[in-house]
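What follows is a group of structures, each given as structure tokens.
In the two complexes that follow, subunit A is the common piece, with subunit B as its partner first and subunit C second.
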Partner chain A sequence: MTVTAREKGLIACRECARVWPVGHTRCEVCGNAIRSRDTQCLQKVWAWWIAGIIAYIPANLYPMLKTRTLFHTSEDTIIAGALDLATHGAFGIAAIILIASVAIPLGKFFAIAYLALAVRRGATWPPGRQYILYEVVEYIGRWSMIDVFVVAILCSLVQLNVAASITPGIAALTFALSVIFTMLSAQSLDPRLIWDRIEAQETKDTA
Partner chain B sequence: MSSDIPDIPQNGNDRRGIFAGAHWVWLVPVAAVLTAVWVALQTYNDQGPLVQITFDDAAGILPGETELRFRNVSVGIVEDVQFNDDLSRVLVDVRLDKTVAPFVDGEAAFWIVRPQVTTSGVTGLETVLSGVYIEGTWDSVPGGLVSEHQANERAPLITTFQQGTVIELRSTRAAGLSENTPILFKGIEVGRLGKPAISVNGQWVSAPAIIYDPHDQLVTTATRFWDTSGFSLSVGASGASLDFSSLASLISGGITFGTLVSGGEPLRAGLVYEVHPDEAAARNSVFEGSSGALVRLTMIFDDNVSGLTADAAVEWRGLRIGRVANVSGIVAPETFGDSRVRLLSTVEINTSRFGVDANLSRTEALEFLEERVAEGLRARLVTASLLAGGLKVELITDPDAPPADINRDGDPFPVFPVTESEVSDVALSAEGVLERVNALPVEELLDSAIRFLNNASALVASEEIRETPTEILGLLSDARGVIGSDEVQALPEDLRLLMADLQAASGDLRGLLADVRDAQAVDRLLAAVDQVGLAAARADTALAEVPELTDRIAAFVDGANALPLEDLVTQATGFAREAQSLLSSDDIRAAPGAVTQAFAELSAVLNDLTEADTAEQLSAALTDASAAATAVENAVAGLPSVVERLDRIAAGAEEVELDTLAAELEGVLATARRLFGDASDADLPDALAGALTEAEAALAALRNGGLIDSANATMSSAREAAAAVESAADELPALANRLNSTLTQAQSTLRGYEEGSAFSRETLRALNEIERAAKALSDLARTIQRNPNSLILGR
Partner chain C sequence: MDQTIEHGLDTLIACPKCDALYRVGTVNKGDWGRCERCHTRLFTRRRDAGLVIISTAFASTVLVIAALFLPFIEIKRLGFSNAATIVDAALAFYGGPLFGLSLAVVALIIALPLTRLVLTLYTLTPLVLDRRPWPGAKRAFRFSEAMRPWSMAEIFVVGCAVSLIKLTDLARVEIGPAFWMFVSVVVLMAVQNMVMCRWSVWKALDR
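Then we have the complex of A and B:
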């Protein structure tokens, strides 16, 4: 028989794991604001999630890089660039780009949406797997910024004036925003709500 | 258990309202949406209009990449490239900048700038690297957007950078007109040619041309353009000169212009100028001028001769008044009655070259020509150049031409009457010469020559001919001997001396006779004789005893009688005959100048002699002398009484110095005797005969030299003179008789001499007169003796 902190009238701090009796709004150890459940977390998740989606659209429509060589100027979007690499035989790099810039952000969107819906409506997945999914999303989210880093490094390195130059396109900015928004969205989700679902399930079963 | 869970108070739940439960994080997506919407609206707002430009060929145009540039600044970008419905055009959609959109009106022009390497330069080099772009040009006046445009194939002449006036240049040959050909003025490029095109009727090549501002002020309606492309090499007395305007014009051609006459109107767009092949043609065109009505006429020449070409000259009195526009043949049996091909030429005549008013209308000009045709103006073909053989049309006025007029109903132009052509064909003449050469009997000639040579060969081979040279050699040496002899050598000198003598004698004789004529010497001689007769009559009684005197007188008369006049007459007759035969000979040719002159003078002298009756006078003088001689004879007959009378005279004259008188008289008689004695010595006749012989010989020698026709008259005169001399000689005895009577009278005179000494003095003076007269006669005789030929030659 498991006992939750809420059942004991305690509130755990998510930063330092110290439990306080109900009534404390602030952890007196680390100063973090504490509450038993974040009732507005789903609002924040959805808000960041929508903002991330909005930022992700131009990130794919607008060019990521402006590559100007001696005779030619090319502006490539993320997908077009990856396909361009693939046509030139660089399948590995193309795959990395596609995974890092397309698959992971899209997977995050889907994963966060699934978790948010599961918290509200219940889900087929057991809460343990939901929590693993949440951990993965939270961990992998920061690596999505690798694209932005690559663009930043390329742009700072390849500035050969006349011969060639690479400048970031508008997609680099929106892509970075999109990654930030999805990270915030994932962070906004209160994982304790996942477990509350188990308790509710058991209560229903017992009832 | 869950009911035991204490109710945990929820923070912030006390807010109420529409967004009561909303977290502030929702602001982020809202802001993102707002940003997106704002960006979208901004983009849409900033987006310029889309224009569609139609190209024939869109080489190098890429959607999203190819720019539209204005003054080399990008003002738009190609958004789409597609075909029209029937794939005949390429439609290029260009997104314009909003700022320039109002200026892209109907006047805007678009073309594709490509790299171009031409003889006059390299353009569009930057597009080699960057790709082509579309250049647009439009003026500075916003005229409202026109969304559909037709692109030019190449850059228009008037662009943003090059403002000027566009005119049209045309030429009958394309050599000088090529795209981008510079128009030079004093070596400076002031214009440029556009793309040439062939006119609809195929006669012209015309090209638009721009004269840049402000150089378009240099061009007026009187300006002439000509081609300066290529180079001209001329070799003249001052050396060779190579001339070309610029290297670019040498390769690609060039056109220059000059305003050769004043009075043109300012240039305006769209004027059409003709490009002449060279400056000379351009200058000529000024004088040919476009002023005056250009009358087109048809001329149908019966002679179907080749050589008349288009552009051949139409001349009137050597002045070019027009040109042949077209030449073709015509076969019209119903008009001409046969189906021969006739030369149908269309000529253009500028009637202002006739000197009539240049503002005549075409109809008036035609009427003017009709008047001229009524006066006999006709056209004919003449050879333009003997060597080149070209033909030209010449208008001539032939008043005798059959009446004709201009057929105004002619097709295609009024038919101008023509007359017979004057075409001298060198080829025909040469052919005629060759035909004559052909007609020569060369074969017969050669046959004859062969026969002749055969005969000659046989003749030369004969023995006689072979000996001939030897004989000829002998003959020649003989002839050389004869010619080399002294006599023959002296012949010319003799002949020359003879001629000189003849000339001198003629001069003397002429002078003498002139003297005689002038001084009335004969008259005076007659008077003197008369006086002697008077004196003799008076001295009749005083001459009683003068035997010596009588003897001497008798001897004188004998001497006079003994004159060999017969020989003289014979010689003269022979001379006359000789002259006659000489004149009758046919081989008379031109005489040497001196001889001709001599004979002309001789003729004059003899004419003088005949005309002045000198011979008659001389004859009369001789007659008187004859009478005197008769008187002397009578006196001799009555000699005793004379002697008696002389005796008495002598006796009576004892005191009157009769001795002196006798001595004087004796001297007189001696002189007279000497005179006649000299004559009786036959020197005179002999000399005269010799002269005649010489003259005869001279004439005989001159017969080969020839005489002129006037010699006939001369010889007639000579014959008359000889006859006169003959008659004078016949009358010489009468002179003796006359002298006789004179002496008789002298006798009676002497008889009366005793009357006084005054008479004696008269007698003395008379005798002195006689003496002088006799001396003069003696001089005359001596002169004749010295220069007998002067009687003939008058000198």
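Then we have the complex of A and C:
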């Protein structure tokens, strides 16, 4: 059975991993603000989560890229762009784009919501798996930014006068905002709350 | 069990992710001290870690600065050609309504990775030389750690690869030297991240 800092009457610093007796609000080693559990964190999680959803909607409705070649102009949303690639036979790239800018963001919204609800109400998932989900969300969230960088690269590069040019659409901005907001949402969640739940469930199971 | 507390708080280490409490001497099986329940890395034991970190950080800083102004991709189509540097890509949204996005991209792929490198050098150089930490070293290290998820050089590199394949349809594409320089920076940063032990750095900064 693991002993936690809280059970010992100590408060852990999440930056430098030192512990301090109850009553400390700041870590003496690194100067980080410390508290045993960030009980207010769910409010921050949901606030950023909602901001992320709001930014994600226009990101899918408006064009990400405007491509102009000699005889042809097109405006592509994220999904249309990926489907266009797929029809040209670039299935691998289409898959990367779809995974990075559709599957990951959507999965992240669901995952964060599930974890936030689970912290408050308990969950049906077996103990431990929730934490794996948290780790995955934390690790993978930043990678959604890939589409914004691709747009940046394409727009800076493809400026070939009349032959071809690519300019960014407004969706690039809202998509970037959505990624940033969901990263902040995931970062706000105090993972120790997930472990408290897991621990409570384990004690109940063994009792 | 209450013995743990009597032994002084500086011999205890609390997992920042799950609050599990350990005595420092008891987790160091092998080179990796990992939390027993959530497997978060608590510390790394590498004798020459400091030297590895500052040399990779120094090399990365030089490479990033040099890479900024060299072309990383060049395209040709119908007699028109264009080469983009990383600065061009970062400023792709400059001017117009997407100006804010340009700032964000500059921060994510240039400013933050560079700032983190410089701060790492500032914090660790005196420690490696067995000197007293330079003033503000704690704040510098804390800031550098907080910026970790926002420093997205490696995501940018994958974005380059995606853009390359996207562009082969449209034009002839050539990879420039800056691309390979950035790839090596990403590898160096990964090495640095692997040997960096936050616990030891904080301990050394606290002396």
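FYI, the second predicted complex is superposed on the first by the 194 of 207 C-alpha atoms of A that agree within 3 Å, B and C clash if a C-alpha of one lies under 4 Å from a C-alpha of the other, contacts with A are read in each partner's own complex, and residues count from 1 in each chain.
In this section, a residue touches a chain if its C-beta (ideal position, glycine included) is under 8 Å from a C-beta of that chain, and two chains touch if they have at least 3 such contacts.
Keep in mind it's a predicted model, so treat the numbers as computed, not measured.
Enquirer: Quick check on the superposed pair: does A:195 touch subunit B, subunit C, both, or neither? Answer first, second, both or neither.
Expert: A:195 sits against subunit C, while subunit B stays out of touch.
Enquirer: One more residue to check, A:6. First (subunit B), second (subunit C), both or neither?
Expert: Once the two structures are laid over each other on A, A:6 reaches both partners.
Enquirer: On the A-aligned overlay, A:17 touches which partner chain: subunit B = first, subunit C = second, or both, or neither?
Expert: Second partner only.
Enquirer: Report for A:157: first if it touches subunit B alone, second if subunit C alone, otherwise both or neither.
Expert: A:157 sits against subunit C, while subunit B stays out of touch.
Enquirer: In the overlay, work out which of subunit B or subunit C sits against more residues of subunit A.
Expert: With both complexes superposed on chain A, more residues of subunit A are touched by C.
Enquirer: Touching A:124 in the superposition: subunit B (first), subunit C (second), both, neither?
Expert: Neither partner.
Enquirer: Indicate the residue numbers of subunit A shared between its subunit B interface and its subunit C interface, in ascending order.
Expert: Touching subunit B and subunit C on subunit A: residues 6-7, 9, 70.
Enquirer: Can you list the subunit A residues touching subunit C in their complex?
Expert: Within the complex, subunit A touches subunit C at residues 2-10, 12-21, 29-32, 69-70, 85, 88, 90, 92-93, 96-97, 131, 138, 142-143, 145-164, 168, 170, 172-173, 176, 180, 183, 187, 191-192, 194-195.
Enquirer: List the residues on subunit A that touch subunit B in their complex, please.
Expert: Residue positions touching the partner: 6-7, 9, 11, 22, 25, 35-37, 39-40, 43-44, 47-48, 50-51, 54-55, 57-58, 70-71, 177, 181, 188, 199, 203.
Enquirer: Sort out for me which residues of subunit B touch subunit A in the complex.
Expert: Against subunit A, the touching part of subunit B is residues 1-2, 4-6, 8, 10-12, 21-23, 25-29, 31-33, 36, 129-130.
Enquirer: Where on subunit C is subunit A touching in the complex?
Expert: 1, 4-5, 9-10, 12-21, 36-38, 42, 73, 75, 77-84, 88-93, 97-98, 100-101, 104-105, 108-109, 138-139, 141-142, 145, 149-150, 152, 155-156, 158-160, 162-163, 165-167, 169-171, 198-199, 202, 205-206
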